[in-house]
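Here come two complexes built around subunit A, the first alongside subunit B, the second alongside subunit C.
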Partner chain A sequence: MKLTPTKQTAGFTLSEMMLGLTISSVVVAAVTSSIALQKSFSAVDNYFATLMQQIRIIDYLNRDVKRGLIVTTSVDLQSVTVNVPNYIIQSGDPEAANPALIGTSRTPTIAYTPSGWQVNYGASPSTVVYSINGMSILRTENGVVTTIASSTDQLVPQTTDVELANTEYTNTSVTFLPIFTTGNAVAERSGTSIFATAYMRNRLRG
Partner chain B sequence: MKRGKLNAQAGATLIEIMVAAMLLAGFFASIFELNAVCLRYIDASKESVAALQTVHDRCETLRNLAFTDLTSTSYVQSLLAAPPNASDFCRKVTEVIKVSAYPTPNGITQFTRSPNGTVTTNSTAADLGTSLVQIDVSTSCNMTLGGRGLSEQTTTLVSNGTKK
Partner chain C sequence: MKMRFVRKEKGNVLLCVIGTILVVSVIGGNVLLNCVTRFNAASSQVRGWKDSLYAAEAGGDIAYSEVRKTVLDPTHAFTGWTNASGVYTKSPVTFGANSLSAGGVADVFYYDPITGNAWYRIRAKGTAPVMGLKRVGMNDRMGVGTRGDSLLRKIDFNYDHFIAAYGPNGDGAGKALVAVSRPQVTRRIELVTAPITPFEAAIKCSGTFYGLGDAAQVDSYNSNNGTYYFCANNPADPRFSDSRSGSVEIGSAVATIRGMLYGNVATNGGTIVRSQYITGTIDNNVPFTLPPYYLPTNFATPQPSPTYVTANTTITPVGAIVCKTFYGNGNTSWHYDRALDSMGEAVDYRVVSYVEDVR
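So, the complex of A and B:
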């Protein structure tokens, strides 16, 4: 009796195996690449968005520091308090007895003092506080809270207040932690730094 | 024999599979390159922001000097030895600062700060006056992306006087 192998029990040939392996490799690579790319594009988008938030924080803080009378930073440098002259007449101010004046510029009193001309916008300046609350950076002016930046990338502004004999300025750096890190979070955060200097116009040089 | 039925059951040829795989590989290579371009543009954006901030910070430093210091060539030259801020970007830019009397200049005092921090006085104004000066601050460097030139410039006027 002669036994002959039937087609039903035949296995794959080497070329079929190689072809199958190639196709499956390409499919797996395509799926993996799609996921990786999706994550990467998401990280890029997130990085850009947070970069804009950094600029926004710097812009807000610089504006207030430049027009501030006094700047105080907390010990951890993450909270900044600025006293700003009341340039604008607001509800509740003595001048607001005339409702038409609300929202308009206040006319300062100008007097000559032993230290020179003094421009006075009133006895009670506005208090502006910059602080971190969870994932948000808040600006609080006389109790009114404005969220100026919000990100899940752990935005951290740090401000150093430098007071000299005849002037005062702040150095601010804003950093965040990108989604993709190489394991060295400190270096990754440092690489995102944006720096800014702002001098207080009201404490200008003599 | 029905050849049509056989054709319907026939699989793809090796050539067809290879072409399909190459197309797929090309497609993904393009997407990865696109992603890499995005990353490079992020770097370019960071450099642009840093350049803008550098000019701004230098301008802030100068506009808050006492007028007598601002019009002193030696004072400004020693001041420029320090970078505008602590960013790494400041180590690759060349800064040019010009100071002149305003509105009628009588010569221009010009300083150039190299990336290594060396400050050179290119020229000294005959007279900067005692009331108002114009300050031009410009920075330039080659960007990481494509080595293209990047420059930012600003101009401001500073008056003599005390503000308390």
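So, the complex of A and C:
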């Protein structure tokens, strides 16, 4: 019997296979690495964005504590109430009967009380409350709510009010849980801590 | 078998590589852009915002030192300041590596109705340049029409927003669009300085102090509210708030205090060892001097004698002791009259109120 070679047999040669595998490997590697890179970039971007929000929370809080009259913190240290001088005339205030005065500053008044003299801006101070609501950090001044930070990274501010004999200050730390963790969430969170101390200027040693 | 070369074979490896590089570059570029924006905000805008407060407080300190001069060195008070109808204005002072600017305005806004002592209000302004890229900060949208950082750090990129919205003095007058030479951030604070009167403590002693005996007692009352009776250990008493101002201020480290003291104690380097007998605060780092004092004409003449107070001696009127040295070796009780809190001419000024204008 004589074998007749099949002239139209289709197939890939070894070199074609090698080349094809190489190309597909490169493509798969490129796609995989771009996804990994995208995730890494996203994590970095998110980390930096949340870091900026940490700074913003602390800057807001420190500004209010410095000008504050009374500072109190909740038991879980996550809510802070600050009474600040009511420096600006707001709509609804007695002085606002003259609409031109809305948005302008008050002149302080001096009152002598049983415990001594007292500097007053308006009838009562403004109340500012910092609190956590879900993923957001809220600042509420006289009922007006402002979201000062909002992140899915679980931002947690904690403030301790330290009242000494001749001064008073607050220690604040803000942490968050980054997207990329190695399994030890506690350590990851503590690695993001930012600390700040603000002294109440109105409690200066006299 | 003869193999035939395919002469027109097309490849797309290069395109794939270029495409991949493009995709990765776009992602990386976007991240870098975000990071640069945030770095710009963190390194330049946050720093400028903090620096401007330091500048404002420096402006407040400059004005405060001039207010103190009105008592301590009246002939040189507010020298170099512009006085317009009692409002003293200081042209901005530039200082620091980043050319921080500090300026201030001081005026009397209140006179004590009894003593005539002036209370000064200081409005200080600090400006710091915002280095880095001239662009707004974060793109985190916190609410409709608002952005996270710009609610807090109001940066003037082209125009001074404060003058445009509230006028140069913040009272709504003289609003104008004033261009700024470079991006800057300005913060404003307001301080109130109160006169310090000579009889603010029950006993004020610039030198050595050898205190009262073990059974002695220092407390206070307010003659404006009635005659003295002891209530310093009864918080329910309506006069209780007047009873714990029996403070002792000692300008040296030699401070021996015994007995019960219903008030605060301040020394200049002293050490309190019987703190359980002091109800108020203890501060061992308060140096002070006793400036010359002229007795107001409406005051009772002080008693030059008896130099020594012997047993069962009543000093009338009861008030305060201001002295260079004090030696009290007896179980004496001393009741400070809080009506003296604001009596007498000012001997110095202290800052009693701090407000920031956050507009």
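One rule holds for everything that comes next: the second predicted complex is superposed on the first by the 170 of 206 C-alpha atoms of A that agree within 3 Å, B and C clash if a C-alpha of one lies under 4 Å from a C-alpha of the other, contacts with A are read in each partner's own complex, and residues count from 1 in each chain.
Convention: a residue touches a chain if its C-beta (ideal position, glycine included) is under 8 Å from a C-beta of that chain, and two chains touch if they have at least 3 such contacts.
These numbers were taken from a predicted model, which means no experiment stands behind them.
Chemist: More subunit A residues touched by subunit B or by subunit C?
Modeler: Comparing touch counts on subunit A for subunit B and subunit C gives C.
Chemist: Of the two partner chains, subunit B (first) and subunit C (second), which one does A:49 touch, if any: first, second, both, or neither?
Modeler: The second partner, subunit C, only.
Chemist: Looking at the overlay, what does A:60 touch: subunit B (first), subunit C (second), both, or neither?
Modeler: A:60: touches subunit C, not subunit B.
Chemist: Is A:202 contacted by the first partner subunit B, the second partner subunit C, both or neither?
Modeler: Both partners.
Chemist: Which partner chains sit in contact with A:171 here, subunit B, subunit C, both or neither? Use first/second/both/neither.
Modeler: Touch status of A:171: first partner only.
Chemist: So, A:23: does it touch subunit B (first), subunit C (second), both, or neither?
Modeler: Both partners, subunit B and subunit C.
Chemist: For A:41, select first, second, both or neither according to whether it touches subunit B, subunit C, the two together, or no partner.
Modeler: In the superposition, A:41 touches subunit B and subunit C alike.
Chemist: Which holds for A:149: it touches subunit B only (first), subunit C only (second), both, or neither?
Modeler: After superposition on chain A, A:149 lies in contact with subunit C alone.
Chemist: In the superposed arrangement, which partner chain does A:194 touch: subunit B (first), subunit C (second), both, or neither?
Modeler: So A:194 only meets subunit B here.
Chemist: Just to be sure I follow: which residues of subunit A are touched by subunit B in one complex and then by subunit C in the other one?
Modeler: 23, 26, 30, 33, 37, 41, 44, 48, 51, 55, 115-117, 119, 166, 201-202, 204-206
Chemist: In the complex formed with subunit B, which residues of subunit A make contact?
Modeler: So the residues of subunit A touching subunit B come out as 19, 22-23, 26, 29-30, 33, 37, 40-41, 44, 47-48, 51, 54-55, 58, 113, 115-119, 166-167, 169, 171, 173, 193-199, 201-206.
Chemist: Going by the contact rule at the top, pick out the subunit B residues touching subunit A in the complex.
Modeler: 14, 17, 21, 24-25, 28, 31-32, 35, 38-39, 42, 45-46, 49-50, 53, 56-57, 60-61, 63-67, 69, 84-87, 162-164
Chemist: Using the touch definition from the top, list the residues of subunit A that touch subunit C in their complex.
Modeler: Contact set of subunit A toward subunit C: 5, 7, 23, 26-27, 30-31, 33-34, 37-38, 41-42, 44-45, 48-49, 51-53, 55-56, 59-60, 63, 66-67, 84-85, 87-88, 100-101, 103-105, 107-110, 112, 114-117, 119, 121, 146-150, 165-166, 201-202, 204-206.
Chemist: Can you check the complex and tell me which residues of subunit C touch subunit A?
Modeler: Answer in residue numbers: 1, 13, 16-17, 20, 23-24, 27-28, 30-31, 34-35, 38-39, 41-42, 46, 49, 109-110, 119, 121, 138, 140, 142-143, 148-149, 151-153, 166, 170-172, 190, 192, 194, 222, 225, 241-242, 280-283, 286, 338, 341-342, 350-359.
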